[in-house]
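Chain naming follows the written order as A, B, C, D and E, and within any one chain the residues start at number 1.
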Amino acid sequence: MSETIWLIPLIPLLSSVTLMLFGSRLKASQIGILGVASVGIAALLTLLLAVEFMQNQQVIQLSLWTWMEVAGFAPGISFYFDGLTLVMMSVITGVGFLIHLFSTEFMEKDPSYARYFAYLNMFVAAMLILVMADNLLLLYLGWEGVGVCSYLLVGFWYQHNANGHAARKAFIVTRIGDTAMALGLLLLFTQLGTLDIQTMVGEANQTWQVGDTIPLIACLLLVCGAVGKSAQLPLHTWLPDAMAGPTPVSALIHAATMVTAGVYLIARTHGLFLLAPTAMTVVAVIGITTSLMAAFTALMQTDIKRILAYSTISQIGYMFLALGVGAWSAGIFHLMTHAFFKALLFLGSGAIIHCLHHEHNIFKMGGLRTRMPVTFWSFMIGSAALAALPMTSGFFSKDQILLQAYQLPDIGPALWVAGLLGALLTAIYSFRLVFVVFFGKANTEPDKDTGWRMAVPLSVLCFLAMVGGWFMIPVTEVFPASDGSHPAHWVEYVSISVPIVGVLLAYFIFYSGRLKIDGLANSALGKSLGQFWLSGWGIDWLYDHLFVKPYYGLANMLKGEPVDAIYGLIVALNQTFNHWLSVAQSGRIRWYLASMVAGLILVITLAANLSGGSL
Amino acid sequence: MLEIVFFYIAATVALVATVMAMTRANAIHALIYLIVSLLAVAVIFFLIGAPFAAALEIVIYAGAIMVLFVFVIMMLNLGEKGDKQERQWLQPSIWAGPAVLSAVLLIELVMVISQTNGPVSVTAVSAKEVGLALFGPYVLAVEIASMLLLAGLVGSFHLGRRYLERDNLEKQGGQ
Amino acid sequence: MNATMFSALAPILILSLTAIVLMIQASIKRDQSLAWVITAVGFVLTLCGAYYARDFTQSVTILLQVDHWSLFFTSLIMIASLVTLVLSRDIFSPEGERKEEYYLLLVLSVLGAVVLIQSSHMVSLLLGMELMGVALYAMIAFPERGQLPLEAAIKYLVLSACASAMLLYGFALIYAATGELSYAGIGAKGALAYIENPMLIMAGSAMVLAGIGFKLSVAPFHMWTPDVYQGAPTPVTGFLATVSKGAVFVALSRFYIDGGLDQYSGLNTALVVLAIASMLVGNWLALRQENIKRLLAYSSIAHFGYLLVVLIALTYVDAGLVSQSITFYLTAYMVTTLAAFTVVSTVAGEDTAKQDISAFEGLFWHRPLEASALTVAMLSLAGIPLTAGFMAKFFVITLGIQSGLWGLLAALVVGSAVAIYYYLRVIYAMSKSTESTGESANRLEKLLALVLLASILVLGSWPQPFIAYAGGL
Amino acid sequence: MDGLNIPLNHILLVSSLLFAIGMLGLMIRRNIIFILMSLEVMLNAAALAFVAAGAHWGQPDGQVVFMLILTVAAAEVAVGLGLVLQVQKRFKTLDMDHANRMQG
Amino acid sequence: MVMINLIVILLVGGLLAILSERISDTMPRKVAMGVVLVDLLYLLVCLSGMPDITQLQAPVANDPSSWLMHFKADWIPAFGISIELALDGISLLMVLLTLVLGAIAISASWTDIVVRKGFFEANLLWSLAGVLGVFMSLDLMLFFLFWEVMLIPMYFMIAIWGHENRGYAAMKFFIFTQASGLLMLVSILALVAVNHGATGTWTFSYFDLLNTEMAEQTAHWIMLGFFIAFVVKLPGFPFHTWLPDAHTQAPTAGSVILAGILLKTGAYGLIRFAVPLFPEAALNFSYSAMWLGAAGVVYGAVLAFGQTDFKRLIAYSSVSHMGFVLLGIYAWNELALQGAVMQMVAHGFSTAALFMIAGSLQERLHTRDMREMSGLWQQMPRMGAVAMFFVVASLGLPGLGNFVAEFLVLLGLFQVNVWITVIAATGLITGAAYSLLLMQRSFQGEVNKKWADYGLADFGPREMLTMGVMMIALILLGIYPQPVLDAAQPVLQSLLELTATPALASAEAMQ
């Protein structure tokens, strides 16, 4: 098995290529089977691999060929497989398979069915390469590959300009981070002479001391990449817009897998980050700030997918917090559970949108509890996990993160409090969603409930979201062990109770109506604050005026090619000379004679040196 | 001594006559001044020991070439109207610029020439010496000069004949 | 005078004889085709005479210097004259004008050019130039109708005579300073005279330079060029551009080299200024010119600017290389210019409207041979590789660099860059698509265009034999 | 030897004055006849300079050149006057400022 | 002789193409395609007899016998000018690129040339011949000759078969390149004169002129002449303004050849001549050159973003991409140089393909204005997909050739100057901005009703085959660039050694 792990990304890739080349000639059913089966096989192979790994705990390193070899720079097309990789691969292939299955029904009516699966399969392949890469350059290949697939899928319905805009925004904003990350790669190679992650970390530990500047810069550059991909402040603005893509895409790419690539990157290179404690603090602060910002924003959103998108940003913020405080395995654990419940929520919302004729506004839904029971239960379970109610999967992972954050010296308690605030908000907005959409009176009538191809993935994900917290992820070998100490018990109790309080608040505000917040919401401060949160803290507006518009303006200003003006000047100069001289060619003999005499005077003066006066 | 006095007189006459020639409105008057100038130059030739050149100046220059001018002027029959126009053309606005140019050129030439010294030879170069030179080393020049005259002849013949032909044609047209 | 002298004078004698035969023929029976044939035979015989004279190189009296260099140029201008003759056959009004005189004038003019090329003395220079000029005045004014030829002739005559007066006065000053009229004598006594009175000989040389510069249409003595080029019948323009200018330049180089004028820095400065002015003024004037003959006139101004660089380099490099460069440049220039005028003459003729660049539109498609010849000529004038013009420019730049004449080279680069524009305009016009179809040229002219086209390319792509030959002159 | 001979530079001075006057005439006159006359003056000035220089050096060459200048002047004038006739015929004027159909 | 034959085949092929028009209207393009393929095949056959390029020993830059092929014959012995052609790894890469793109160019203009087809194909073949000459000649005069002469057929292609503003564009193209060529001529002659002054012999041979001793100031000026000539052709900022016009107005095949091949001659000249002939002067100048390169990267990208003309946008993207080449060359270490060479090859394919798409669009829509396109994917999905591929290639997607190139350049550059690297790296972002804008405006977006009943034909088999070749090439370059790197490596190695020596010597002298 270990020799054939390269098949896992290859199979979806081949399927993608096949669909691209021959998609137009295949029947819809064939397309669906090909698309789903390829990921299914990949998932199966991953499962086999997992079984094998559980038995022997053997790290696999497989080099296919040397990508390029120039002056000691010799990255390979080579894979590295350990517990962390296994977790990521399982999530990608497993959740990916379910979402593919879901998509067969969701996208059934779309004329570009083949294109959809081609992109989706390619995404799975690129994502697998990302997590399996042995060196940072190959990782970068996967990294950019998923970016392009994300771009393609967000803009899948290209006929609407807004979708195209969202897609470009997604790509370019992440590209900013990617470029910084590329610079980080340059720095790392220049300093350490290799991009192979394992060797590199080893080198780094020998070359640098903890707290040196260069690892700090390198780590910060990598963080930039991670921030872009994982939609953290300040590069998070693309993710809510990216909801323009088909909902299963949001589930797979913008919730379960791609957006967590940043988390994976930092986890994978944690050896470097350990050398740069400042960088880790930065990661933690970014994480918690993003988390809070997104949670507040999610509170005010009315579009079901945007709520989920901000919730994703917020949850990834928790993962960053985890990484920043050194809770590596907790971060990855949260990554996994989040993949389960967020995919579940997205697919659920997809089902709703599918059945409600592309309705996105939650206030136009309502009362769906009885009409779409499968979806309702999916949402209930997913929201419970998201809110981290006890015994759900989200509870276990988030609890770990908060506890470990608390233990951090100095800023630990502050992070913990902020995290709790976030958890409270999470509970409120997630159950706001549930109460508004599924209870109350019906505003729109769904034409049907989900079919089996939607129901099965939902059910499986429900199961995973419930029990995912009991999984033991095999990353103990990967990360340094934590000291195992526990904080005081009251901390734990507070952590557990906060989400429950949040749910109750949501219940009183949005369901029973006992808690009136209208007065608060309608006050001047409340209104403007609400508006501020609704707009995502005005960050989009800021960027638009700070970067986008000036760039458009610059491009417009330079459009006429100012450099050409220099040459235009030369041309004009020549034309002027031409004009003057042409006027001098007056055709009059006397004028010609005068010019000859003047010439004669000139020549005599020069030759006899008369002007010099030296007689 | 006397020669020097004669030289200055002749030079003055030549210059004045030339200026007059250049500024007359009437072509015939101008031509006569020009002839006077040429005669004065012939005197200078004589004074500096070139009697043969002086003779040629009078015979060919003043005699033949100037007569050619007279013929043409007669043929064209430039009348009073032409004179009036000539006077109009001789405005300061027209001659000021050229005058400055000429003056500058003159000043340069004077600067150059005033540096030379040394007299001209007293011993006259006789016609015989000139003849010997002409048909000695310069014999080819004489031949080429003949070709030059031939070219002038053929050219003026071609141009002049057509002028005359026009008259014939007009006469025929009149009939 | 002895027998070998007559042998050395063979070209001049044959030409004179041709003139006499033409006159006799005219007096017996006026027949212009016969006159054409006689002239052609005379030219061909002169060419043979020049070949024959190679074995008798010597100074013929004090006036002429017959050596391989001058014989080469004699042959060259004979070829150019033959081209002119071919082009002249079908020009002027169709009603059978009497062209015997034209041929006679052509022969006399060529005679003047030959004298000029072989001159080694002020007198022969003067007479050669005047003989060539006087015949040319009449040739320019030869057409019976139209004002343009006449206007051109009168301008040329007045300005040229003025230039001759300058030249003569300059000679007089040099004579006054040195007491010598031959180049060699000036070379021998010049330095002494310079010490005694530097200004007289310098001013004299400067005036000579001005007079000769006029004939070469070097700025600022260039103003007549476009008008005369445009007004003169096209074959005459071609003759003026090649034979007249070429011969005068050879004479100038003779005067400059043998007279030892390169030793005077003041004169060099004057030449540098003239050269730079010519390169820039010529090219700038041509920039937006619509009439192709005027365009070629302006282009020739610039080209003689380039050529002057070679002369200036005489101060710094070995005279052999200089004369080799002059040989190559003039040959390339003459062949190229002849090609251009051949095409202009066959395509545009004497019709002013047809001389507009726009009238050449679509030439590529209905007269490919002529268009190709003109294209190659334009590329050669622009100095694009594989053409004779490039190798010529190669020589100029090489000499310029070896002499460290950076200012001149800068002007050359600027001028050449500007020049590309207007040469290309002609080519672009020819490549445009039009529906019109033009009449065809006669066989002889087509052959001529082809031969000249081939010569330009051969000189440009396989110049070694010619370079070696030019070096041996 | 008479020490009171005419100095060469005085003769040259006269010739240069003649030359300059001729040139002035050339530039200010519009009538072609006067232009030709001015040319004659200039040629004559050059001839004077040659003869004077020849006399200065005691050589016949100056006079030889003078004779040749005479020839040149004759030939030029002959063709020039022929052109004058044609100018009168075709332009109906002798004003050279009118002969500027070609320019630019 | 092989090299002479390569050129002669193309020249004769041009004549055949003209003549073949008399047989039938469609004959010239077939003849042209045949000639180029025969040329390519001939080269491959000849190469197969040679030792494997990747196994070659490092050629010593100034020892002709160690090159893959070498040919020398007298041409103008009076000045020591000879017909000296030679082939090493880099030349070979460029020659192969030229021939492959030549075939692609012919295919690109298979149907859009309607008048004077024979002459068109002839010009195309002749310009290819000129380019081959540039890539193979080692006599400076011969090099200059090919350098100038290849422009003439190109000029005709733009001037005769170009679009609405062809006269202006062709003129601008020609004047820019000729004027800079003139500077190069002066520089070549100056170099030769310096060498002549030192050794007393005239020679234009590259091998003899390497290591010409000269004063620092002299070397600087001569080098500058070469530099400007090459940078105009590259084109580098601020000498690039001819390029948008020429590219936009040229017929499709012309754009393909211009962008794919002609621009590379500039880069080739820099690598082969401008730096090795004047190592110290180039070293002193490298800082300025790199700034120019970075300026080109940024400026080209910003201007591309502002364009509405499909071809103009691609043209500016070339300015941006060739900025990377300039950076790579003047960083002058193996990584960056390999990147530059790689960029030359990869950019050749990606831009050629984009121009071909532009040409197809123009052929179908009769406009290049992207404001009038929009939503074309609907009707031409294959073309859209292909366009998407090359757009992401040009924005530097890893796994495709352009990424390898840009990354290597940046990697090499980073070791030389960090800040320039940072500025150049912004090109990755701005590159994405304009590339995706191109896609958005043409193939994506709301479907323009205007084209609904136009019956737009999607790419057919011929086009797909052509595109397929380029796609495969880019993918191979992206995931297994080693053959290209191996071919260039020994050459770059020896050039680096060659230029390192005097610098080291002077460093020692300083001590």
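Following the convention adopted for this analysis, a residue touches a chain if its C-beta (ideal position, glycine included) is under 8 Å from a C-beta of that chain, and two chains touch if they have at least 3 such contacts.
From a predicted model like this one, the values you see are computed outputs, not experimental measurements.
Undergrad: Just tell me the minimum hop count from chain B to chain E, counting one hop per pair of touching chains.
TA: The distance in steps between these two chains is 2.
Undergrad: Starting from the Cα centroid of chain B, hunt down the chain whose centroid lies farthest away.
TA: Farthest chain from chain B, going by C-alpha centroids: A.
Undergrad: Which chain has its C-alpha centre closest to the mean of all protein C-alpha atoms shown?
TA: Centre-most chain by C-alpha means: E.
Undergrad: Farthest from chain D by Cα centre, which chain is it? Let me know.
TA: Relative to chain D, the chain whose C-alpha centre sits farthest away is A.
Undergrad: By count of C-beta pairs in contact, what is the leading chain pair?
TA: B-D
Undergrad: Using the average of all C-alpha atoms in each chain as its centre, how far is it in Å between chain C and chain D?
TA: Spacing between the chain centres: roughly 26 Å.
Undergrad: Whole-Å distance, chain B centre to chain C centre, using C-alpha means?
TA: Whole-Å distance between the two chain centres: 31.
Undergrad: With chain centres defined as C-alpha means, what is the inter-centre distance between chain D and chain E in Å?
TA: 65
Undergrad: Would you mind pulling out the distance in Å between where the CA atoms of chain A average out and where those of chain C do?
TA: 77
Undergrad: Which chain B residues reach two or more other chains?
TA: 97-98, 101-102, 105, 108-109, 111-113, 115-116, 138, 141, 145, 148, 151-152, 155-159, 162
Undergrad: Could you pull out the residues of chain E that touch at least 2 other chains?
TA: None at all.
Undergrad: Among the residues of chain D, which are close enough to touch at least two other chains?
TA: 8, 12, 19, 22-23, 26-28, 30, 35-36, 47, 52, 54, 56-57, 59, 61-62, 64, 68, 72, 75-76, 79, 82-83, 86, 96, 99-104
Undergrad: I'd like to see which chains touch which, written out pair by pair.
TA: A-B, A-C, A-D, A-E, B-C, B-D, C-D, C-E
Undergrad: Would you mind writing out the residues of chain C in touch with chain A in their complex?
TA: Going through chain C, the ones touching chain A are 154-155, 158-159, 162-163, 166, 198-199, 202-203, 205-207, 209-210, 213-214, 219-221, 223-224, 226-227, 264, 266-267, 269-270, 273-274, 280-281, 284-285, 287-288, 418.
Undergrad: List the residues on chain D that touch chain A in their complex, please.
TA: Spelled out, the residues of chain D in touch with chain A are 23, 26-28, 30, 35, 96-97, 99-104.
Undergrad: Looking at the complex, which residues from chain D come into contact with chain B?
TA: Spelled out, the residues of chain D in touch with chain B are 1-2, 4-14, 16-25, 27-31, 33-34, 36-38, 40-41, 44, 47-48, 51-52, 54-64, 66-68, 70-79, 81-86, 88-89, 94-95.
Undergrad: Which residues, counting only chain A, touch chain D once they are in their complex?
TA: Listed in rising order, the residues are 582, 585-590, 593-594, 597.
Undergrad: For the complex, which residues does chain E have touching chain A?
TA: 237-238, 240-241, 244, 299, 302-303, 305-307, 333-335, 338, 375, 377-378, 381, 385, 388, 392, 397-399, 403-404, 407-408, 410-411, 414-415, 421-422, 425-426, 428-429, 432-433, 436-437, 440, 443-447, 479-482, 485, 489
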